[in-house]
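Each of the two complexes below includes chain A, the first together with chain B, the second together with chain C.
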Partner chain A sequence: MMILPEFDLLRPRSVDEAVAAARRTSGAFDYLGGGTDLLCNYKWGINANPTVISLRHIGELNERQGGSLGGGLTLAELEADEDFLHDFPAFRRTLARLASPLIRQTGTLAGNILVDTRCIWLNQSAFARRALGNCLKADGPECRVVKGSTDRCYANYSGDMAPVFMVYGAEIRLAGPDGERTLPLTEFFSLDGRTRNVKAPEEIVVALDLPGDARTLRASYQKFRVREAWDFPELAVAASARMDGDRIEELSLVASAVASIPLWMDEIAAKYVGRTLDDETIDAVAGDMFKASRPVRATLLPPGYRKHMVRVMTTRALREIRGDAVPVPAAAM
Partner chain B sequence: MSKTLVTLHVNERAYEVAVRPQDTLALALRDGCGLTGTKVGCDLGTCGCCTVLVDGRPVLGCLTLALEVEGRRIETIEGLAGAERLHPVQKAFAECGGSQCGYCTPGFVMTSVALLRTNGAPSRDEIKEAIAGNLCRCTGYAKIVDAVEQAATELRQAGNEASPTTDAHRSGGSNDARLQGRRQPATARR
Partner chain C sequence: MTQDFKVVGSRPPLVDSWKKVTGQAVYGDDVRFPNTLICRLLRSTQPHARILRIDTSRAAAMPGVRAVVTGADAPARFGVLPISQDEEAMATDKVRYIGDIVAAVAADDEAAAAAAVDAIEVVYEKLPEYFTTAEGLDPVEEPIHAWTVDGSNVQKRVDQHFGDMDGALEQAAVKPRAFFDFIGVGHAFTEPHAVTAVPEADGRLSLYTPTQVPHYVHRALAKVLDMPLHRVRVFRTAVGGGFGGKSDPFPHEMCACLLARRTQQPVRLTFDLEEIFLTNRGRHPGTYDVQVAFDEHGRMLGLDAAAIIDGGAFASFGVVTTYYNGVLSQGPYKIPNFRYSGRRVYTNKAPCGAMRGHGAVNARYAIESVIDMAAEELRIDPIELRLRNVLEPYSKTTNEFRITSNGIRECLERVRDETGWQGKKGKLPLGKGIGVACGFFISGSALPIHKTRTPQSTVHLQIDIYGGITAHSQGAEIGQGSDTVIAIAVAEVLGVPLDFVRVRSEDSDTAPLDLGAYSSRGCFMIGNAAREAALVIRDKLARAAERLTGHAAGDFDFRDAEVFARSDASVRVSYFEALTEALADNGALIAKGWYQSPRMGGTFKGAGAGLAPAYSFSACIAEVDVDLETGLVKCTAMALAHDCGRALNRLAVEGQIEGCMHMGLGQALLEEMRYDRGRITNPNLLDYKILGPFETPDMKVIIVESEDKEGPFGGKEAGEGPLICVLPALGNALYDAVGYRSRQLPVRPERVFEHLRKLRRAEAGMSKTWGATGR
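Moving on to the complex of A and B:
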């Protein structure tokens, strides 16, 4: 049995109450969504705090209106929402291949966007970590993956929903001590496996907003994982395009799970606007994505192989957007 | 941290249990309510051994805090069988060889019960998808899928699988009926 450390559990009923409670802790707290990520880290003894503030009893986080999705909605609720899946079809397979059906019952949208970065040196018991030597992210002086790094953690971003929201042009809505603010999801993440994003600790992810014109985009999410029943991505590629016949009018690309954040490849995408989506273009985009991805040894599979698979997954994503049939591993065993 | 006395509604019965904020539902059920049918395997969300139903949905008892489900309707493996008869899903697991060492079985059964309440005639692929979060090291899964298919057929023949207390198969007298109205305080022993 894994023992959870001691903590105080607060259960506020509104966003304002939760933010006020967070402020009273002087930063020594964590918000709790479904708990499917946080409680695992607590059981491993990774950066646990003495106060946990549950967001599960706040009705306003569960609101859903068109493309505006409350951060407290569970992944299972999104998976059951046929209108949402009809409008944004790339989420259908993303959700079906995200963790396991049991985890999706409680895992929330906000918790998924904010899922902690993962690393083979870190996601171990405290005993194993001590034996290996603690690292920068939890109680140690330097990174074990990129030796000598004392100011940046290279743990892997492993959330499946953010890359897809990014290529659909979503915004993230935050509420904190200074009120609400909204920013493009592409500007939300910041490149360090410890801090991960620009959110202030007390800020709550209230919702993800998808723009109305995202409904006319063609999008694809290609995830590569070790165990098809429930695993985190070893790498993933999300792409969306607006097509005029076979000509690319708009293109968005994300390489995910190859760095501490989902990588927004806007410069690569811009190069190909106006081009025909033929095999030659697809090969060129895939080659650029391959070159721009530099995974490190923070996950199970070797970085060289994951880098190679970025090319394969980009090719599949663009072919799917073009309307080709692409291989899709079954979700279950 | 100090313990709080909470009422957990499990299998249509109220249990008064003293829990600490960090106690999981699996722990509170096993140690607090004495309902040890719910198993704990990985304790990290991976194996599904600890699956119980909360308001009819299958959830992982090892990643749910007990305090978070205060006042919700919880169902565990102990609530399924009647006094003399197994629930059709349990019966099918026994008959098809869907259970060997048995450690994963309560989790599989609870996940399957939840599936069959929403989909009375699942395909083999739908069954595989529904149980993808439950791991079994003994059976090789084929017999588990057989069992869920057989249970689905039996439930369709017997009419709809309804809520535990109203199930047709329970007419022999269910645990719930027997215990209804009785309230037994229990205290977590940790």
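Moving on to the complex of A and C:
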């Protein structure tokens, strides 16, 4: 049987208490949301820490007000919130196709934004890793996927929610030893499969805030993988636009699950502001997204194919924004 | 035989289902005894290496550790087949794959056992590693086992030739040939292997294990533990899925027993998912070179097939698999000329074995694909072509299989008519397709694994004074419904409701011999044995009724817990009256029934392989929808007609057929055991992808009843056969949809995508045109 390693479980009642507890561990701790990601890795013996600080008993993290969503909310709570889904409709399918009902029942929003990067090499049992050797991300000298890399891990960012929040222009609110800070989600992630973002270890994700005018954006999230349920994205594209007739007034693009962070494609998006959202534009954007994505062999499907699928998923996202019917599984609607 | 059944053909839930849905069933890991130790295993991290030294002293001295055993403690070899006993409880001289068991620890708790396992030191000397069959065909530096063919890694060779294959190829109007490559798949059952070994007070040893083959486990335990057979007891717990993956005696079963004997405490061992994949025994990966010959009228002239299958590190059922890959191609068509060469090659990977549709699945995919190619070349509808070639009922195959009941014609006609085939085949737009394929399987192996004249199945019946009937059998209920078959047979014959019958099939101390749940033998053999036993009781009750009424015993019929005269309905006694009379001056009503396959088959070498007292037949139509932009293939609808002789329990037959569709599609579309230098890289159910709810198509089950003359009430198997036609039906539908013949399974979206890209470039040559979605 697979058993959890031993750890001390702390259950603070407030953000301040949690941050203080974290500081006392001098770094050897993890925050725990629903645990649907963290505890899998613990069972596999991947970077387990002796102290786990549960955030489930902190009321502040479960607050919800309009576009402001507490980090402790479960995905199922968001899925059941018709007002939220009505205002930000791209989340409807995203949530319905994320993991499984059971995992959404337990998994939290903050946990999803911070879901660890995944790699076919690393996300294995300790036995399996021992058989062929460890890697840079856990106890090893070098990366096994991009051979020879000793300074960067290429594990895949695999969360479904962040790309959608990014194209809706969300900000992320953090609380840490030095108090609260807020930054655009697009500036939150930073390339490397190990460090993944700019959050200090003790900082807690308190909330995600969606701006009021995001309600008038048209957005789409296109996730690609081989099974509708359970599977993490093999790649995904999120897009949003503010349209003036068929003219693009604002455009946001994210290529996700093709690198260690969701890639904010602001340069590509900027090129197409002012253009008509016609087939030609869609092709051009899709071509640019294709060129800008460089997946590596960290997931099941071959990188070359995933790169091609970035083009297809971009096309579908923009077509959906334009109002075309795009192939989506009926069961997920 | 009267058609007018009361219980047979109804749809009762399985008799053991109440326990399962209420959580009362005791599965392997539910077994609890006081003072139980927990076992963990040390497994090899090397694919192929000599063990130079094992030092267990540090582990043995750790807190909570009660015993550590290694290969030296039980070096006797075992295996499910007497002819290929190449397994050991734990590796002695060398390890043969990543996952091979090297040592076992029993400790007070799981953490202590795990820590001790980590503390065992093993010094290995690396040996040459062999991961492909190709490198093992010729002599190698270090054969994986000592008894391979001529110093290669070939474990088993089969060469068969009937008629004149070269002549058939010469005469042929069309003779498509293709090469196929299949990745290995596992059973992905829900319940992990979980065993408890218990030293009994009288010095006996009991093993509680979710096994499909208690009898073979019993024999292997006695051999490895060096104990007389009667000192061993095997208790089959509830089995949470087997599909062939629990049909070997396993090294871990030996380890738990050795530790229990050493410590004189119960020892429990529960696997995690990864260990299931490491234990494997799944479907062999393999390559197939297949050619089929037809004349211009669409008559099949011959089949030429060569299979090289990848056995992994041990033999398991592999000798049988090597035969089955050829001989099970002998139906459902008349094949006058037939040539087959089969090779099973050891590799340094997890051992392969029997899996649902054993040996017939990949070969069938290859054959049904080339038949489809022939249909296209001949411009004959694929169903019509198949119908022209099916075997007749009560006929013989070229390799002397005795065909009895055979509903293949009806299977094909019904899937054709009930799916609207004629309106769809060749008429669907690009991206949508429809395909057909047939299947053929044994309904129980006619020859037992061990040469013996002991019947293959025996059932004991005992009626108590309250009227309840206890049936004893060692038939391994693994969720397929064999306990229910017993109950149905007995209830039908004795004319009582199903709840009068209790089946006790767990304990080797009380169960009369049955060989277990493999080769789809349960319904046919156990069903017949149960029916025979019930007929004996019925005869006794009829004679009691004769004593009570003065009416001739032979005229009595049994129904609704009443015994009544056929010729005069006013002559009747209740079941209880008859029973009370039968028990008078008698004490007990006890009977046995047994089944033994009749003698059959040819006299040539290997003639016994694939012989069965009856065969099942099936036909499947799949419809697919290919995403033309991504290459993802979705099966949207599937209809499957299966000839099971007679459905003793319609609900169970439907469940089996649906399960077959689901499992077959899983292998066709998603499932694969991936390896990196001998290490399985996806040993979990996130990365090893079984079909999910959204990938499961609309399913239509068609039960065809050909009423086998020797089957119990006419019944035959329904658990494995239906799977076999699923994969090629899907493959043929994919070809119909986009012109892509997938020569590998699973179908990978990236390959379909590449094909579509090429197609797009050569658009001009296509009969179908790209729709609005095409880029």
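Remarks
The rule is simple: the second predicted complex is superposed on the first by the 329 of 333 C-alpha atoms of A that agree within 3 Å, B and C clash if a C-alpha of one lies under 4 Å from a C-alpha of the other, contacts with A are read in each partner's own complex, and residues count from 1 in each chain.
Just so we're on the same page, a contact is a pair of C-beta atoms (placed from the backbone, for glycine too) under 8 Å apart; a residue touches a chain by one contact, two chains touch by 3 or more.
Since this is a predicted model, take the numbers as computed values, not measurements.
Contact with neither chain B nor chain C is seen for A:85 once the two complexes are overlaid on the shared chain.
In the superposition on chain A, A:21 makes contact with neither chain B nor chain C.
Contact with chain B, but none with chain C, is seen for A:7 once the two complexes are overlaid on the shared chain. In the superposed pair of complexes, A:105 makes contact with chain B only, with no contact to chain C.
Looking at the shared chain after the overlay, A:56 reaches chain B, while chain C stays out of its contact range.
In the superposed model, A:35 lies in contact with chain B only, and not with chain C.
In the superposition on chain A, A:131 makes contact with chain C only, while chain B stays out of contact range.
Shared-chain residue A:229: touches chain B and chain C both. Comparing which residues of chain A touch chain B with which touch chain C, the overlap comprises 1-2, 6, 229-230, 331-332. Residues of chain A touching chain B in their complex: 1-2, 4-9, 11, 32, 34-36, 39-40, 42-43, 52, 54, 56, 76, 96, 99-103, 105-106, 229-230, 330-333. Residues of chain C touching chain A in their complex: 43, 45-46, 98, 110-111, 114, 192, 270-274, 627, 629-630, 632, 670, 676-683, 686-687, 689, 691-695, 749-750, 753, 773, 775. Those residues of chain A that touch chain C in the shared complex are 1-3, 6, 120, 123-125, 127-128, 130-132, 224, 226-232, 283, 300-302, 304-305, 308-309, 312, 315-316, 327, 329, 331-332.
The touching residues of chain B, counted against chain A in their complex, run 1, 20-24, 27, 40, 43-46, 48, 51, 57-60, 62-65, 67-68, 111, 125, 128-135, 141.
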